[in-house]
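We just call them A, B, C and D in the order they show up, numbering each chain from 1.
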Amino acid sequence: MLEKIKFYQTGSNTVGNRLLNPSMRAIQASVDRPNGLTSGHRACQGCGEALGARYAIDAAMRATGGQIMVVNATGCLEVFSTPYPESAWRLPWMHSLFGNAAAVGSGLAAAAQIRAQKAGETSVPRVIAQGGDGGTTDIGMGCLSGMFDRNDDVLYICYDNQAYMNTGVQRSSATPPSARTATTMPIGEKPGADWGKGKDVPLIAMAHGIPYVATATVADLRDLEAKVTKAMSFHGARYIQILVPCPLGWGLASNVTVTAARLAIETGFYPIFEAEYGKVTSVRKIRQKQPVTNFLKIQRRYAHLLKKNADPNTVARLQAMCDQNIRDFGLLEGTDPVAVPAAIQAYERAETI
Amino acid sequence: MSTEQIEGSLGVAKAVALCHPGVVCAYPISPQTHIVENLGKFVKGGALKNCDYLNVESEFAAISVSIGSSAGGLRTYTATASQGLLFMTEGIYNASGLGLPIVMTVASRAIGGPINIWNDHSDSLSQRDSGWLQLFCESNQDALDTHIMAFKIAETVGLPVMVCMDGFVLTHAFERLELPTQEQVDAFLPEYEPREYLTPKDPVSLGSMVGPEAFTEVRFLQQRKMAKAVHVIESVTEEYRKITGHHSGGLLDCYKCDDADIKLIIMGSTVGTAKDEVDRMRKAGIKVGIISLKAFRPFPYEALRKAIGDTKLVVCVERAFSFGGRGIICPEVKRAMEGTSCEVKTAIAGLGGRAIFGTTINGIVKAALDGKFKDEMTWFDIDSRVLNSYTKDGEGVTFPEGPLSDSQLKASVN
Amino acid sequence: MLQIRLHGRGGQGAVTTAEMLSLSAFLEGHFAQAFPSFGSERTGAPVVAYARIDDQEVRTHEPIQEPDVVLVQDRTLLSVVDVFSGLSPKGYAIINTAEAPEQVVPELCKKLPKGHVLTVPATDFAIKAMKMNKPGAPMLASLAAATGVLKLESVQKSFQTRYPGKVGDANAEAAALSYNYLKEQMKEGK
Amino acid sequence: MLKKSFAVTLDPATSLENHTGSWRTNRPVNVFKLPPCNKQCPAGENIQQWLYYAAEGDYETAWRLLTEENPLPACMGRVCYHTCEGKCNRGFLDESVGINSVERFLGDYALEHKLAFKRPTRDTGKKVLIIGAGPAGLSAAYHLRRFGHTVHIVEQAKEAGGMMRYGIPVYRLPRNVLDAEIKRITDMGVTIETGRKIEDIEGEKKKGGYDAVILGLGATISSNVDIPRGDTNHILNALKVLGQIETTGDIKVARRVAVYGGGNTAVDVARSLRRFGAEPIIVYRRNRDKMRASAEEMDAALAEGVQVKWLSTITGAEKDKLKIEKMALDANGYPQPTGEFEELPADAVVLALGQNVDTAAIDKVQGLKFEKDALVVDETTLETTVKGIFAAGDCATRDRTVTHAIGMGKNAARAVNAYLKGSVYKKMPKHEDAKFEDMHPWYYSDAPKTVRPELEVARRTSTFDEVQHGLTEENAIFEARRCLSCGNCMECDNCYGVCPDNAIVKLGPGKGYEFNYDYCKGCGVCAQECPCGHIKMVPEKI
């Protein structure tokens, strides 16, 4: 994926690294980066989604010479970027509904193709459909699956912040177990989101056999940019799911958005990998393995797990979930992913019934 | 101009193909399927060039793909009916809000439950307030021509158009149809020039969130487009008629209205059946006329008022109604006739595929002339035996043989 | 205006028969209309289709309650459906069977003018010509033979237009068999 | 042009009208922190800054920045005990940066490429006399010359260099290196007069018309201790031994030599004698932990076969053996006699117990205070108790290392410069410390394992044995790139990249970044993700 870089102080872990040759620096390091999502948007302080969206869109714009059009599902990103009379987007962008971004993307991609065909143009603008986890894994699932089924030339990006943040932090099918949301309060015998529930949309996407599926986070910019760039080298349906921590929904200090995402990687909580035509092709290895508690303790949505009287088994269960990811995806150096990684909480389902 | 004996659906498909849409996208639902099947065949077989046909997974996706392709600057067509239309609803409102000139056939059909695949107008009229133009067709020739006009109207006004044709009754009927030539259509309908569309050449953000500070104004401007549409429908119809010689489209169409003592207001395929009956009644000396209401949205208040003139009795034959309310067309007609002494009534008939016969029309007219329309709304062609089989045992309520008036209905619950 | 009602079973092509009927009439310069009784019936279930022929535009879209002609594509329907309901006293009935009308529908034979109830082994002709139980073309041909509202050539051409090639030709052949059969029967005054 | 619909369609990037900076309650600011290496360096080198350029391969700029503070990098790269490395924050991650080896590389690079110091653009006409051409004197001379003053050094020894020449063995500092670096100073116009000892400091000042004097006399007299002894056993002092090696290039003491003392000089002597075939054994009162000598030097000595007798004092010496009393450390770590004795076979003893200042000339100056073996000087200005006479190096401190001397020489020069302008030298206030806790070490890459052992070797060779080569360029740049840039920007673009509001402006190479407070919402992600701890969030004023 990335060229192995000789020791350069921070290697490719930082955005720029002046010691690297400019072509090896992140797109975000460039003074003339596209800034597809520009300043003045109304995202919360430290918004991971705003960051993830700019990273991804800029990378796609760079990969296509600016020939990108975006369809945005309803959600935070849409609301904070385009409240009348100001838009924060610098590229052709549209919003239709909550659950139809993938289908609108299909239509837009068809339009771009036919228009170019009619005009005799060889360059066809490419389409990105994007939304949050609610708009993707729940209400948008039908349209998403349909777009995958038809293998339409759309890159779908899910900015996964693991709950419905726009409406006030309610549970989605991407909400991890035990997490506090407004609809899974940390009360009662089983506080937080239920175990044995949830959807593993990257694996679902892979099961469609589409050309490219990847996960990424805002904590590894170079990896994210490489994946978006790679995605744009394919035609057909593609899916990238980017973990974008939400200070509001996760109960994070506004400054630790990126740190939280990094801990999600380093604990194995969020496996980062890519797959082509339904098969895992590469895995981003953990650099400095950490216990899941390091990830949990900076988030108020998990505060109930770390209180004095909390059930220690729950943290152990979360650790087991991470360990499962680490094993199945081969997240440690020197290990390989299994052929078919288990979907998130697959083992829990057997136990909760 | 070619004349063919073909199914209405095929006629519409050929008409749509003559308009050269860039994207056709639909999800199977009866009775709309034959239209898009034929279009799919045209695309696949190469007869319809520069067009993408997308098989989608739901009506929601169908309208969404259409929104995308229309926003992408292509002439876009889709079709649906009944539950499918309802499944689209969110996208229906969105498409009009975005001002996308999509043309969609609604092969009108009842809405379940109970599930019912047959024709009435409850699906299309449920979208009355969706911001789409709604044009009703009385025959397959009308439907064919209206689709061609619909693209021009939609693109001129900047709003989407629903072409409502009665499911099965029209879509599945084989009739003699005159198709305009490609040259005629090309002369009438130029290559689509989108008012605004998504392109990297001129990037805009389409579909912003508009708050209280401007939402009313957005709506006012949308309503203004509707007002403009009244004129556009008229002028486009005139132009189309001039080119083809067909007598289709328009805001409304009058049949033997000049000296009528009573006028029926009817939408859709019932108009043809009623025309035959009117001829028979006229022979019997009953002076009855028909106003075929073509445009339901925008509602042609002025044209209708003129068409009714000083007729004192008007009955709307309605194939849908508003639960807990009354007819849907009737109140609009009353608005048109406000300040006059014209009586406007509703006759409910033809729900869920119950056939409207000439005799049904005859019965309505006679009942009206006999002063039997005491209430605003009366249920015609209702089978009291079926009702009583349920209410008699359960509640001890029996209904006399139909028609049944609104007050009879109300009395039955006292 | 001539109103024709067709009875058949799902899969036997009753709707197509009605369509071809209208097409045949169209080819002869008439205005015609054909439409099915819209149901959700599946293969084997009784189905009804309608056709109208006129010399001016057919405007009505009501189902046909008082047909001038009833075509019964499957005689087994006789015991299940009131196929002759509303049939005009001067109307025609054509039934797909090898048996004589008096044996099949003796009551009807009494009601209608002589020679207005006809039977034709349409299925046999269809199977002979096409190896398929699609009795539409022979039925329409028998209508043509019996009433003269259509020409055999129009019936043949309608099928050949709709199904260019072998299938159309086979239908045309079955139509001819039926037409000639009935003409022969009528000559014999049976 | 598109016919845009009202409100539903918006023009691109119109959000720039919306100044979200008004949301901010905390603002990010750049802080410039004092890295621990810089803080530790007795010569006051801006280590981090020259490593920054060395990491880019811009060795000349790195060398020029280095020599802003220290004119003798090739020497220092060899003889400095680099306590900076002990404070290096990278030590918390893996191992500290090999600062000293890079310094040597830069020094050698400059020699190889014949880089010269810039001569002053103008002469002030002021004259300064420096007594002693050791590291303090040379450093002071260099800095004064840079200020444009006329500098004359008088050195009592035959050649300039002081302890660098007469105290440090040649295997640690080849004389051609020393000569070359001294010559570079004289090339600036500094004059050095050798082989003359000044007895009358004030007279010399007056006679020569000097506006100021800096005393860089050094500590040239070995400390002595009275050891009861028989006639035949050799008892020598360390400076004599090292001096003889320097002047004659040879020495013959004995086979079995006890070197008495625990400082760097003891180790130098032992290692030097080892090179002449002797079997030296260091005798020291305390243990290894308490030893003042550099650990690396000691390791090298042990590796070379030097032996050590810990917790021992020499109480008597006979022809071929020494009487040793065993010591024990008390609660405060001081050695206490135990009354237990043993014998140690030895043919000679070299005393390496420290050096004292030669006070002959000092005593003659009225009012020149001398206490505890050092001139009394103002802590900041290094001015002695006599106006216009300043002091630097071993004669004015108990912290007697070359590096320290160079730092003092620089300070004295600055103070003299101020004095010559009629003002008083004040030290610049220091930045706050760059602490490891304020940094984000995750971002720093691990050194690839393939290179690491090579580096280890390189690091050792740089400070040990001159027979071995110095750092290769590859290793030097590698080492420089290990610098974490504690507390100061290294232009990694992290802040620029991670800002969710694009509120950071990248100014271009070498220019750093600027906060765009019009849009900055004050989330603090930039501060959190700055690897160096260069950004701080401060509350907005209400």
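Note that in this section a residue touches a chain if its C-beta (ideal position, glycine included) is under 8 Å from a C-beta of that chain, and two chains touch if they have at least 3 such contacts.
Everything quoted here is computed from the prediction, not taken from an experiment.
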What chains do chain C and chain D have as common neighbours? B
Go through B-C and A-B and name the pair with more C-beta contacts between its chains. A-B
Taking each chain's centre as the average of its Cα atoms, which chain lies closest to the overall Cα centroid? A
Hey, how far is the Cα centre of chain B from the one of chain C, in Å? 34
Compute the distance, rounded to whole Å, between the mean C-alpha positions of chain A and chain C. 65
Whole-Å gap separating chain A and chain B, where each centre is the average of the chain's CA atoms: 44
So, what's the distance in Å between the C-alpha centres of chain D and chain A? 50
Going by the contact rule already set, what residues in chain C reach two or more other chains? none
Can you tell me which residues of chain A touch two or more of the remaining chains? 81-82, 84-85, 87, 89-91
Touching at least two other chains at once: which residues of chain D meet that condition? 7-8, 10-12
Chain-chain contacts as defined at top: A-B, A-D, B-C, B-D
Okay, in this complex, where on chain D does chain B touch? 1-12
Complex contact set, residues of chain B against chain C: 5, 7, 30-31, 117-119, 139, 166-170, 172-176, 269-273, 275-276, 353, 355-358
Considering only the defined contacts, which chain A positions touch chain B in the complex? 66-69, 71, 78-79, 81-85, 87, 89-97, 99-100, 103-115, 117-118, 125, 142-143, 145-146, 149-150, 152
Interface residues, chain C side, partner chain B - complex: 18-19, 22-23, 25-27, 31-36, 38, 40, 57-63, 65
What part of chain D is in contact with chain A in the complex they form? 7-8, 10-20, 23, 55-56, 442-445, 447-448, 451, 478, 481-485, 490-494, 496-503, 506, 508-509, 516, 518-519, 521-525, 527-529, 531, 537
